[in-house]
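Some notes on the structure that comes next.
Per-chain numbering from 1; labels A, B, C, D, E and F assigned in written order.
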Amino acid sequence: MSTVVTIGEMMMRFMPANNLRFEQAGSFDVYYGGDESIVAVSLARLGIETSYVTKLPKNVFGDIAVNQLRMHGVQTDFITRGGERMGLNFYENGASMRPSKVIYDRAHSAISEAVSTDFDFHRIFSGARWLHVSGITPALSDSMEEVTEDALKTAKAKGLTVSFDLNYRRKLWSQEKARKVITRLMKYVDVCIGNEEDMSITLGFSPAGTDVMKGHLDVEGYKKMFLRLKEQFGFTCIASTLRESRSASDNAWSVIIYDGRDFCVSRKYDIHLVDRGGGGAAFSAGLIYGILKKMSLRDTTEFAGAASALKQTILGDFNLVTREEIEGVLQGDTSGRVQR
Amino acid sequence: MSTVVTIGEMMMRFMPANNLRFEQAGSFDVYYGGDESIVAVSLARLGIETSYVTKLPKNVFGDIAVNQLRMHGVQTDFITRGGERMGLNFYENGASMRPSKVIYDRAHSAISEAVSTDFDFHRIFSGARWLHVSGITPALSDSMEEVTEDALKTAKAKGLTVSFDLNYRRKLWSQEKARKVITRLMKYVDVCIGNEEDMSITLGFSPAGTDVMKGHLDVEGYKKMFLRLKEQFGFTCIASTLRESRSASDNAWSVIIYDGRDFCVSRKYDIHLVDRGGGGAAFSAGLIYGILKKMSLRDTTEFAGAASALKQTILGDFNLVTREEIEGVLQGDTSGRVQR
Amino acid sequence: MSTVVTIGEMMMRFMPANNLRFEQAGSFDVYYGGDESIVAVSLARLGIETSYVTKLPKNVFGDIAVNQLRMHGVQTDFITRGGERMGLNFYENGASMRPSKVIYDRAHSAISEAVSTDFDFHRIFSGARWLHVSGITPALSDSMEEVTEDALKTAKAKGLTVSFDLNYRRKLWSQEKARKVITRLMKYVDVCIGNEEDMSITLGFSPAGTDVMKGHLDVEGYKKMFLRLKEQFGFTCIASTLRESRSASDNAWSVIIYDGRDFCVSRKYDIHLVDRGGGGAAFSAGLIYGILKKMSLRDTTEFAGAASALKQTILGDFNLVTREEIEGVLQGDTSGRVQR
Amino acid sequence: MSTVVTIGEMMMRFMPANNLRFEQAGSFDVYYGGDESIVAVSLARLGIETSYVTKLPKNVFGDIAVNQLRMHGVQTDFITRGGERMGLNFYENGASMRPSKVIYDRAHSAISEAVSTDFDFHRIFSGARWLHVSGITPALSDSMEEVTEDALKTAKAKGLTVSFDLNYRRKLWSQEKARKVITRLMKYVDVCIGNEEDMSITLGFSPAGTDVMKGHLDVEGYKKMFLRLKEQFGFTCIASTLRESRSASDNAWSVIIYDGRDFCVSRKYDIHLVDRGGGGAAFSAGLIYGILKKMSLRDTTEFAGAASALKQTILGDFNLVTREEIEGVLQGDTSGRVQR
Amino acid sequence: MSTVVTIGEMMMRFMPANNLRFEQAGSFDVYYGGDESIVAVSLARLGIETSYVTKLPKNVFGDIAVNQLRMHGVQTDFITRGGERMGLNFYENGASMRPSKVIYDRAHSAISEAVSTDFDFHRIFSGARWLHVSGITPALSDSMEEVTEDALKTAKAKGLTVSFDLNYRRKLWSQEKARKVITRLMKYVDVCIGNEEDMSITLGFSPAGTDVMKGHLDVEGYKKMFLRLKEQFGFTCIASTLRESRSASDNAWSVIIYDGRDFCVSRKYDIHLVDRGGGGAAFSAGLIYGILKKMSLRDTTEFAGAASALKQTILGDFNLVTREEIEGVLQGDTSGRVQR
Amino acid sequence: MSTVVTIGEMMMRFMPANNLRFEQAGSFDVYYGGDESIVAVSLARLGIETSYVTKLPKNVFGDIAVNQLRMHGVQTDFITRGGERMGLNFYENGASMRPSKVIYDRAHSAISEAVSTDFDFHRIFSGARWLHVSGITPALSDSMEEVTEDALKTAKAKGLTVSFDLNYRRKLWSQEKARKVITRLMKYVDVCIGNEEDMSITLGFSPAGTDVMKGHLDVEGYKKMFLRLKEQFGFTCIASTLRESRSASDNAWSVIIYDGRDFCVSRKYDIHLVDRGGGGAAFSAGLIYGILKKMSLRDTTEFAGAASALKQTILGDFNLVTREEIEGVLQGDTSGRVQR
């Protein structure tokens, strides 16, 4: 009986230690993650009953993935077991002008070959209030496109709030197909999340005045875009992360949320990146948490901004923080002074 | 026959490798340290005969602690062995807005349960010129409060210069008790060292215009506070570190010394922190060294400033530098160019 | 049948992991490198047939050195085996104001004791178009001074383009001897490479307005110096790296090339240093590549600048990048955004 | 609603990597464990609903301990939070004639200072069929002696089967006190588990013909002892591990169970030890599993023997095997051939 | 222009450090290998010109695989680039009665999806004397079955000696299909290599008196089987490894070769296993080397036996020994005394 | 004022982690050692005032070497600083039939270039009772041959007992030179230590019936040899280690001492080797300790046997045990049972 349900692919991430390049790495650190599982772990750690739905192979790595979720308190009852393999990715941390690199090896994964009969969404959503899914899930395969639509439709029918993180992955599908599918799915969506690039590719809306490659961000452009998105799709809430990529080592980070009435931009964080992966999903989790807890727009925005900034100081996909730690940052202590 | 004697608790510090959080750490790097032992190691490495006084358990970790001190040339003849356990702490390195964390596990340590009969201060101070102790030592327990006063009184009686680093630790005692005890001990003290927070809590004096949480430092406020402290307690020397905590990754650092006549502020260092622990103790050691070597106030201040800045580029508690390296920085080479 | 030949010493570099100081290091990471081998590896990785000439001991470390070169596609047919030992160095990474340190242990290495009969340069240069050597090679020993001159003379006679990276190493020879020998060798040289310090010590020319210790660089001073160098030695090309050492952690970096007609200064990179070693050699390789590929002066300069900046984000001596990665930076993406 | 409940202390175990001695260890691998938690993890992994009861401090290490249990599927609802600290131990792996060493630092742990009101055993045992506890639990403190008796008494009253692993720890209490307390508690016990040393010290019965120090084991002596134990205490089942300590590197291992009618000795395993810790607890879990699953005495004995032998090939306290793996060994494949 | 050509799949092997189980591994050591690549590396290191033929993806891992081969001197000119992914496997080292485990993730690898037009065997075999392939290669896919037959047929037509290591992999194909295909391919084969299990499954011949599960080996049974195999298939040479799996930690090892006239069994080695993987391929390489070098049957057998025993004392797939080291063992020094 | 003085070379030992071969090692663990320094550390740890005499370079590695000695309580006052470099060696741990390998890189070390005026033996031996040196020390160079003879002669003149461990190193000198020099030095020696190989090469005496390569040891042959050695050189004590090299992984070990009247052979230990280096020096230390403490021949022999066996279960050169641990083994507990 979970409050929130998320559906997606869980992957093993292999990462060379320290700043080593792939070709230097005699060993790889391994982390488990994947967009929706990050959201699930964040919410479970914050005390929200959350269930993660996926399909994992019947081998030790599938077992470990389940155990990783259970460790953080995520409910795993609706994870189907079977299929061929885990999705993998290889992640090389960049530095300064050398970008981080991700090499995906996720084709033929168990979840990508899952079909609608693998999941009984009526049962899964029983008692739930919220469904979250990202644009990666329908991109995994044609059958997963169908599974995703099935999930969204059922959720909608059962009265759940539906949030969708656009998250375009060019290795999974073409821009054309992504736009066609995502646009079609938007009719089920209440809360739409995405960065500039995602919104431009999957929905065809871009914020004027922003040039991601150059690190320029114009908040006014976002606001105008949000208004048009609301008009077009009727979202009750639209949100975006505002990353300024100064280098692979240092980013600035803030977030913006529009609740249909007001816009709110969080404080901006200068982050000396430990691991930027998972920042977006940590933001989604913070946003969902704020809304579920009926926080004000201002509080939700700052909470989600602080949570997602903190994520980027932590290795691996999961946002291994406590609510107390997020609140510490919220209360204005970003001095990094030692806490004894 | 040591020139300087320091008294305190030595702890094992367990630290996750790299930037890992406690819950990610499959292993912990271990460092030995503790405020007064850092001072002792610094001075011994600079060529000052220094004896460290403590109580350590009769087990292999007590042995290792002694060996660590001997390795750096510290005299260990007056270390008492016995008691229950080593004090421990767990140290998680922060990053950006995520603060570093210290979890202490030091209750019931051998030294915290030591009593006055464990130490024969007349013998220990025989031939010594200087005693250094921090506010942590009397905070360890009621019996250690007594031991500390015994040490200070005896040192004073035998004509040693006494330096005291206020170092308030909130996990060890209340602000009320700290202020009462520390204030009482000040009558034995010649050289008083402490940062803004310590001076405010333990002595009740704050530098106007400084807000540590916001990273504002007003040197003029420090000077005024020092004048009042001198008036109140009659110190011959008052000194403070001036840390500007910009984030857990980057700090600015300088130091100020007042010798009863003049104030001197060192150059300011921008430090990309490797390990900020031990900066204060490294400063105390530099200050004591400068005075013992009859350096000018300017030279003492710059020496202690450079030494303590260098500490923060080194992992672990001890300031593993040579005098030549400190002097290299003093002579103005902070360009970090490779030395071949 | 190689296009480029480089001649020099290959060393094992022992480096404490992370930011550890030598005295903290329970283990040392080992990297193979040395100025001319870095050039050779860079060129081979860029697809230029390159042969590296040296002498290595007949033991497993000599074998490993050869294998390291073969791994990157460098031709090793003219490496002579014999002699006493590998040259070694110990490299401690600095941080902030604490400089990196290199302790050399290269005396009596196989190559330093090599003699002219160890190498048949007529055969070695057969079919080659370019010889590159650094000022380290003649500095290794009197016999290697002779070998170097033999190589340069033969190359010149056979019509190869000769590039020379001045690279002064004070532990190997005096400034007086360096200037005498290097100046003498310049008559064989077409392309002269060196930083401010090298040019000043080995050729006696300094760029006005530049103070390396203070991090001041005046490009105009370099240009004037280049004009005088061309006048004096008749070089067809003169080039220099422009490092601004802000600290051991952060440098700015650009490069300048003068092709006898025009000067070109590359864009400037802010580098959060991972390993600054090998930056100069990576620049030489980029310069040679640009000329061999008949790039424009502008393209050559930016290519060599980007390549050598990237090197400093990579651990070890070798510049483990691909041409595509260099071109990615050239095309202006220094935002470090993740490449998926 | 758990089938099995176990009660005890969970500790962090710090272990130098590889074969390093404590004084060589720059870092310690950390494992979570403790006798009853090992039993709980084993049973949960075998599919038995199991609840672990303890008290853990309200800090990150307490959180991690809970997460470690959840990861393996153990129910943690009845874990009380509070108190001062985690119990710790330091474990040095021996080799050949150099014995492994354990240094405990568990005094003042949260569970050792727990009191009866921390646990509501009526609620805890609701729906349960089995309680397992070891002799370590009542040894932790006087209050825990009381808690243990309270638990045993309540369990007995509610009709649970009670198993007790005698497990004498000389650092926790004297032989006299242990015998007095343990003997008193035996009236609540159905299944008594212990090795020769435990039975001798805590119950006063020794198997004739066995000399542990010399590695002699006489199974007949065990049988006679078991008969006398049954007579004295009325146990329905008595069991012992039969370890032959040939060296710190190699042991032989078998187990014996007496079900009140028959004796059964398992096959004997030659084990090249990876980590002998937790072997006894893994045996207890196997025994409980066999009885709960109504296996025959022979099958129970072989299952528990194989499970506990496998544990000793695995680092850390927990027996990280699957039922399928135990069954693989049971079916006679101890050849260690690769399973592809 | 290589003397020997081998064709097969190269994989990345991920292995938890030390004796950790998969679920304990926070990082994986990575090794490159695969049956025929091991043979190629062994032969290249022994000085035989050897070319390895495969298909690798156009990504950094494909590049690294090529570099790994080049490092050891293997010729890589006929490696085709393209396709989807590298084959992977996960390898967990066993201990005592706990078997090692391999989890394959090789479906859809570049080589498994290669087709005949990817390789021009006329050109590849030009100047070659020997082709070696294992039963894994035709098992990869239907198209690779075709490629393998194409290679064997062409090699045979061009007069190369063909060796075939039966190597059955149950995860790749059924016993029925394996027997059908392998039996058909035997008409091209001169030298047939395989262990008891392979010969039984793929050719239908078993050595009487041998029970691998129990570690019984009867050499006479092998001889009789070899005679029948020769009769059936007309092999000029038949060879087998004789592994006695005592446990996952300790094996005995010898080899047997039949040259059509005589049988020769090597000395038997007791091996404390470091990594048993690659033992069979190291044997094949030794056998091919002996024949190419026209060693006597006795010398070939002992050479191949020693080489393959040594492999099992080395981590990873490749047999990183020198000819001198093999000869050291051959000359009877298996005392393991330090060589200074 | 030391009781024992030892003189020799201290080296850094670089060792690949785990079982890796040199060519696989991305990093090397570093240990400090060298024959006489091992003896000094052992004796200092046993409570004997011991001074180690050598020459070390004036760099950080020389400093670390001194610190390593101080850590264990060795007196370092007579260590001269200067010269070119530290001696190094590279140590690869073998396994089964693959032998361990040592590659020395010690030529031109500071101590090898030391001269008699570097050491004032009259002052060094003041108050001492014992001098220990090995055959490595005079082998380092002609000047060190002179220094060694100077030391022995002075020690003898001042009435010290002189022990000499023959320790032949073939990389340092020829058998001819070794025999000539060592034989000449024997006139100063009271206690002669060496294994079969050393005695045969340096003194020309072999124990009948022993074949080291085959692992045969005949104690009677040793006894007869000792009698002849005593006759020839007049030693008061002759001792030998009796290593049976079964493989690089497993050895048997015992020791024999002849005190001029009786022979005593220790119990024999089966050792699963962790690191066999330093076994001989640990034996010498045990022997010296026994004599200094006036133990009986039996007790001395067993003490030295147990101490040197324990050494081989410990990584690195130094015998990091306590007297209590040696006595634990002496009292017959070699079962390796956990000590809690």
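Following the convention adopted for this analysis, contacts are C-beta pairs under 8 Å (C-beta built on N, C-alpha and C of every residue); 3 or more make two chains touch, one makes a residue touch a chain.
Computed from a prediction, not measured in an experiment: that's the story for all the values here.
Trainee: Interface overlap for chain D and chain E, more than half of numbers shared or less than half: same or different?
Mentor: Since fewer than half of the residue numbers are used by both chains, the interface counts as different.
Trainee: Among C-F, A-D or D-F, which chain pair copies the contacts of A-E, with over half of them the same by residue number?
Mentor: The same interface as A-E is formed by C-F.
Trainee: More C-beta pairs touching across which pair, E-F or C-F?
Mentor: By the number of C-beta pairs in contact, the winner is E-F.
Trainee: Relative to chain D, which chain has the most distant C-alpha mean position?
Mentor: Between chain D and the rest, the longest centre separation is with C.
Trainee: Which chain has its C-alpha centroid at the greatest distance from the C-alpha centroid of chain F?
Mentor: A
Trainee: Rounded to the nearest whole Å, what is the centre-to-centre distance of chain B and chain D, using the mean of the C-alpha atoms as each centre?
Mentor: 45
Trainee: Residues of chain E touching 2+ other chains?
Mentor: Within chain E, residues 17-18, 23, 26, 67, 101 contact more than one other chain.
Trainee: Quick one: which bits of chain C touch chain A in the complex? Just the residue numbers, please.
Mentor: Within the complex, chain C touches chain A at residues 17-18, 269-272, 274, 306, 309-310, 312-316, 320-321, 325, 328-329, 332-340.
Trainee: What does chain B use to touch chain F in their complex?
Mentor: Result: residues 67-68, 70-73 of chain B touch chain F.
Trainee: Touching chain F in the complex: which residues of chain C?
Mentor: 14, 17, 22-23, 25-30, 59-61, 63-64, 67, 84-86, 88, 90, 101, 103, 105, 107-108
Trainee: Hey, which residues of chain C end up touching chain B in the complex?
Mentor: 18-21, 23-24, 94-102, 104, 169-171, 212-215, 245-250, 276-277
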